[in-house]
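You will see two complexes here that share chain A, one where it goes with chain B and one where it goes with chain C.
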Partner chain A sequence: MTPRGTFRLGLVVLVAALAVYPAVGTGYGVRAVLQIFMWIALAASWNLISGLTGYVSFGHVAFFGAGAYTGAILITRAGWSWPTAALAGGLAACVVALVIGYPCLRLKGPYFAIAMLGLNEVLRALVSYFEGLTGGGNGISLPTLEATVPVYYAMGLAAAAVTLLTYLVITSRFGLRLMTIREDEVAAEAMGIDTARHKLYAFLLSAAGPGIVGALAARDQGYIEPISVFPLATTITMIVMVLFGGKGTVWGPVLGAVVLFVSQELVWARFPYLHQLLFGSIIVAVVLLMPRGVLGVLQQRYHLPRTI
Partner chain B sequence: MLGQVVVSGILAGALYAMVALGLALIFGVMRVINIAHGPLLMLGAYTTFFIYQALGLNPYLTVPITMLVLFILGALLQRTLVYRVVDAPELSSLLLTFGISIALVNLAQLAFTSNLRTVEYVTGSYTLGPLAFSKSRLIAFVVAAALAGLVFLFLQRTRLGKAIRATSQSREVAMVCGVDVQRIHRITFGIAAALAGAGGALVSVIVAIQPEMGQIWTFKSFLVIVLGGAGNYPGALLGGVLLGLVEQLASLFLTTQLSEAVAYILLVLILLVRPTGLLGGRQT
Partner chain C sequence: MARPVLEVERLCKSFGGVAAVDRVSLALEPGRIYGLIGPNGSGKTTLFNCITGIERRDVGSTRFNGVRIDGLKPYEIARQGIGRTFQLIRVFPELTALENLLVVTRGSLAGAEARALELLRFVKLDGLKHEYAGNLSYGQQKLVEFVRVLMRDPSLILLDEPAAGVNRTLLNDLLEAVRRLRDDGKTVLLVEHDMKVVMGLCETVFVLDHGEKIAEGPPGVIQADERVIEAYFGR
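And now, the complex of A and B:
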C-alpha cells in the first residue's frame, strides 16, 4: 500500500473510532475529546489567516465570544434550535470580521495585528454595556441540555470541516495566492493578486469556525458571561497550538491542539500559575528556534508533501 | 463641563504621547512593533511602587531610577531575544514580543501577586475658576511633556541621536558611515523601555497598579501613532492629546467602561478614512 493509501486508511479508522467513542467512553473522556475538537477548530481557524497570510490575529477569541453570545441570545430569546443558532454564530463572527478586516487589511504592516489586539476587550465592554440584550455581567443561562453527545458530534464536525477547509485552501490557487502574500506582498501585487481582497476572504473564513464553535461551547457549558467567553488566554492557546504544530500546514494545528491539550490536562493543570509564563516561553522559543513548528521540521527532514 | 473635559484630555495626552514615542522609536529604527511595550510600563509602575514603599522616596524622584532600570531591561531584551527577529518577517517579531509580553505579565503575577497596589502621594486638585486640575495628573503632564521634549532634543542635537535617526533612515548607509547598528538598536530599545517605565512611574500615582494594567497601553500607544501619522514625532503629541480628549468625552457622554471601545472605533475609522494619519504621514 502506498504511504498515501495508508494515511487515508488511518484517517478513516480514526474518524470511525471517534464516531463510536461516545457509546463506549466515559463522561470525562467524551468531554475531553469534545474539548480537543473545539481546540482543533479554533487553532485551524487561526492558521487560516495567520499561518497562510502571515497577518497575525491577536484577538481571535473575539469571534468565539461573538458566536457564543449570538448563539445564546438566539436560543434563549428567539427559541432557535442550537444547530441553527451555531450557524448564526458563525455568520455573526463573519460580520464582525468584515467590519474590522475591511479597513485594516487594506493596509500592509502591523495595523491588522494591533487592531485585533484590543478587539476582545472592546467586545467584552460592549457586551457588558448592552445589558438589555446580553444580561450584562450577569451573563446568560441556557436551558438545560439533555445530553452532551449531540454537541460532541457537532463539535467534531466543526473540527473536521475547518481541517478539510484548510486542506482545500492550501491545495487551491487561492491558497497559493495567500502564501504568496505571506512571502512577499509587494511581489504578490506585482503579479496581479488583489491582496486586500484575498486577505479579507481568508479572514472571513478564519472567523466563521470560531463563531460556530463559540455558539456550540455556549450550548455545551449552559452559561456564558463576558469574562468567560472573551479571555485573551484562549487566543494565546490557539497561537501556541498552531506555532507548535506548524503554521501554514493542514495537520499542524491538529497536532498542536492534541499535544498541548493532553499535556495541559496531564501536567500543567497542577501549575495553573505558571500557565501563561509557559505559553509565552513556548511562543518565544518556537519563533526563535523552530519557526516552522514540529510538522515543518518533519516536512523538511523527510521531504513530506506541502499538503501535510 | 466641556472645559473640564478638554483640560483632562490634554493632561492625559502628554502622557500618552510620551509612552507612544517609545513604541514609535522602536518601530522607526527596527520596524518592530513591540507588543511588550505596555507590560514594560507595568514593570515601571512596580519599580516606582517598591522604591516608594521601601525608601519612602518621593515617587516623582524615582522616575530617573525607574527609567534606568527599564533602560537596562530593554537593552537586555534587545540583546538576548529581539535582535534575532529584526530582519525576520513581521510575523516573527510580533509573535516574539507577544510571547515576551505574556511571560512578563505572568512573572509579575507570580512575583508581585495580583493585588491592587497604590502609591498615595499627591491627592486632590488645584482649582482655577470652574476647572479642576488633578495634582497628580498635572505633574504627570509636566514631566511627560518635558521628557518627550528631551528625547526629541536628544534625537535632533546629539551625535548619538543623529546615529539613531540615521539608522532608522537607512541601516546600510549608517553602517557604512561607521555606526555600530547593533549598539544603536540596544540603545533605542533601552530608551523606549525607559519611556514606558517613566510612564509607569507617573501612572502609578494616578491609578492602582496590577500586573495586567499594561496591555491596554500597547494598544493606546499604537493608536496615538496612527492618529499622528507613523514616523511623525510631533504628530504623536497631537495624537496623544486627541486620544485623551476622545476618552474623556466618551466617559462624559457614555460610561468610563466604554471609553476603550470608543478609542477602538476611532482607530478603525481613522484606518478607514485616513490611514496615513491626521497629519498625512509626512516624515520629519
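And now, the complex of A and C:
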C-alpha cells in the first residue's frame, strides 16, 4: 500500500473511532476530545490568515467572542436552535472580519498585529457596554440543555471542515497567491496579484471557523461573559499551536492542537502552577529551535508537500 | 513613427526634498529594445517603480498604449501588460520554481503548467522545478524571475539589471531571449551597468543623471556624448 493510501486508511479509521467514541467514552474523555476539536478549528483558522499570508493576527479570539455572543443572543432572545445559531455566529464573525479587515489589512507587520489586539479589546468593551442586549458584565445564561454529545459532533464537524478547507486552499492557486503575500507582497503586486482582495478573502475564511465554534462553546458552557469569550490567552494558544505544529501546512495546526492540549491537561492536572511555565517554555523553544514547527522542519528536510 | 507603447511625460518623484526623478519624458515604440543607464542613484530604479505603480509619482503622467496608467495600483498596471524584474531578486523563496511561475497566471491551470514547463526548460531549470526558489543559486533565481515575467505574456517588459550575476553562457541565452521577445513585437526597457550588454542589445539608450534625462540616442552616439561622459567620469 502506498504511504498515501495508508494515511487515508488511517484517517478513515480515526474518524470512525471518533464518531463512536461518545458511546463508549467517559464523560471527561468526551469533553476533552470536544475541546481538542475546538482548538483544531481555532488553530487551523488562524493558520489560514497568518500561516499563509504572514499577517499575524493577535486578536483572533475576537471572532470567537463575536460568534459566542451572536449565538447566545439568538438562542436566548430569539429562541433559535443552537445549530442554526452556530452558523449565524460564523456569519457574524465574517461580517466583523469584513468591516475590520478592509482598513486593517492595509497595515503591515506589527501594526496589523496590534490593530487586531485592539479590535479584541474594542469588542469586549462593546459587549460590556450594551447591557440591554448582552447583559454587560453579568453575561448571558443560556437555557439548560444537555447537549454535550451533539455539540461534540458539531465541533468535530467544524474541525474537519476547517482542516478540509485548509487542504483545498493550500493545494490551489488561490493558496499559492496567499503565500506570495507572505513571501514578497511588493513582487506579488508587480506580478498582477490583487493582494488586498486576496488578504480579505483569507481573513473572511479565517473568521468563519472561530465564529462557529464560539457559538458552539457558548451553548456547551451554558454561560458567557466578556472576560470568558475574549481572552488574549486564547489567541496566544492558537498561535502557539500553529507555530509548534508548522505554519502554512495542513496538519500542523491539528498536530499542535492535539499535542499542546493533551500535554496541558496532563501537566495542569498534576502541577497547577507549572503549566503556565511549560507553555511559556514551549513558545521560547519553538521560536528559537524550530521556527517552522515540527511539520515545517520535516517538510523542508525531506522535501514534503505542504499538504502534510 | 509608430504609436508609442509607453509615454512618460515630465514625470517627477522626490523623496524628502531630493528629486529622484526630475521631469523625465520618454517614449517607447513597439518592438524595440531600449536601455536606461546612468550612475548609481541617478533615478533608474525609481523611474521603474513609478511606471509600475510601486511608487506614486508626484507630477507627470504615464500612458500605456495611449491610456493613462499613473495612479493605478501595481497589480492593475501589471494586468494591462507591463512586466518587470527587480534589481535585487524578488522570487517567492518558499514556493518552488514551478509554483513561482504558476502563481502569477490566471485562467486554465493546465495551460499555465505547460507554458511554465516550457519556460523552465528554456532556462534549463526544468530539472529543478520542484526545488524551492530560495534554494536556487543567485543566477538561477534571476532566471526564474525573468521567466516569471514572461508567464503573463506582457507587451512591455522592464528588466532591472538582468545581466548582473548571471554567468556568460546563460547570459548569452538570456540576451538571445530578449532579442526574440523583441522580434515577437514586444518592447523591452532595461537598466544595465554592463555597457557591452547595453551597446550590443539596445537600439536606443536613455541616460539619467541626478534624476534628469541628459541624453537619448543610439548607443554609438551616447558613448561619445560629452554630458554622458561627464556624468560618469566627472569633468
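Going forward, the second predicted complex is superposed on the first by the 283 of 308 C-alpha atoms of A that agree within 3 Å, B and C clash if a C-alpha of one lies under 4 Å from a C-alpha of the other, contacts with A are read in each partner's own complex, and residues count from 1 in each chain.
In the analysis below, a residue touches a chain if its C-beta (ideal position, glycine included) is under 8 Å from a C-beta of that chain, and two chains touch if they have at least 3 such contacts.
It should be emphasised that the depicted structure is a prediction, and the values quoted were computed from it without experimental measurement.
According to the stated criteria, A:Ala115 is in contact with first (chain B), second (chain C), both, or neither; which is it?
In the superposition, A:Ala115 touches chain B alone.
Who does A:Arg106 touch here: chain B (first), chain C (second), both, or neither?
Only chain B is touched by A:Arg106; chain C is not.
Counting only touches as set out at the top, which of chain B and chain C does A:His303 meet: first, second, both, neither?
A:His303 contacts chain C only, not chain B.
Just chain B (first), just chain C (second), both, or neither: which does A:Ile239 touch?
first
Contact-wise, after the overlay, does A:Thr195 reach chain B, chain C, both or neither (first, second, both, neither)?
Touch partner of A:Thr195: chain C, not chain B.
Please work out whether A:Arg4 is in contact with chain B alone, chain C alone, both, or neither, and reply first, second, both or neither.
Neither partner.
Which of the two partners, first being chain B and second being chain C, lies in contact with A:Arg270: first, second, both, or neither?
In the superposition, A:Arg270 contacts neither chain B nor chain C.
Residues of chain A touched: more by chain B or chain C?
B
Can A:Gly54 be said to touch chain B (first), chain C (second), both, or neither?
In the superposition, A:Gly54 contacts chain B only.
Counting contacts the way the document defines them, which residues of chain A are shared by the two interfaces, the one with chain B and the one with chain C?
Residues 182, which sit in both footprints.
For the complex, give me every residue of chain A touching chain B.
Residues of chain A touching chain B: 50, 54-56, 58, 99-100, 102-104, 106-107, 109-111, 113-115, 117-119, 121-122, 125-126, 128-129, 182, 232, 236, 239, 243, 273-277, 279-284, 287-288, 291.
Mind pulling up the chain B residues that touch chain A in the complex?
My answer: residues 27, 33, 35, 81, 84-85, 89-92, 94-96, 98-107, 109-110, 215-216, 218-219, 222, 226, 254-255, 257-258, 260-261, 264-265, 267-269, 271-272, 275.
Under the stated contact criterion, what part of chain A meets chain C in this complex?
So the residues of chain A in touch with chain C come to 173, 176-177, 179-180, 182-184, 186-195, 248, 303.
Looking at the complex, which residues from chain C come into contact with chain A?
It is residues 52-54, 73-75, 78-79, 83-84, 86, 90-95, 99, 102-106, 109, 130, 148-149, 152 of chain C that touch chain A.
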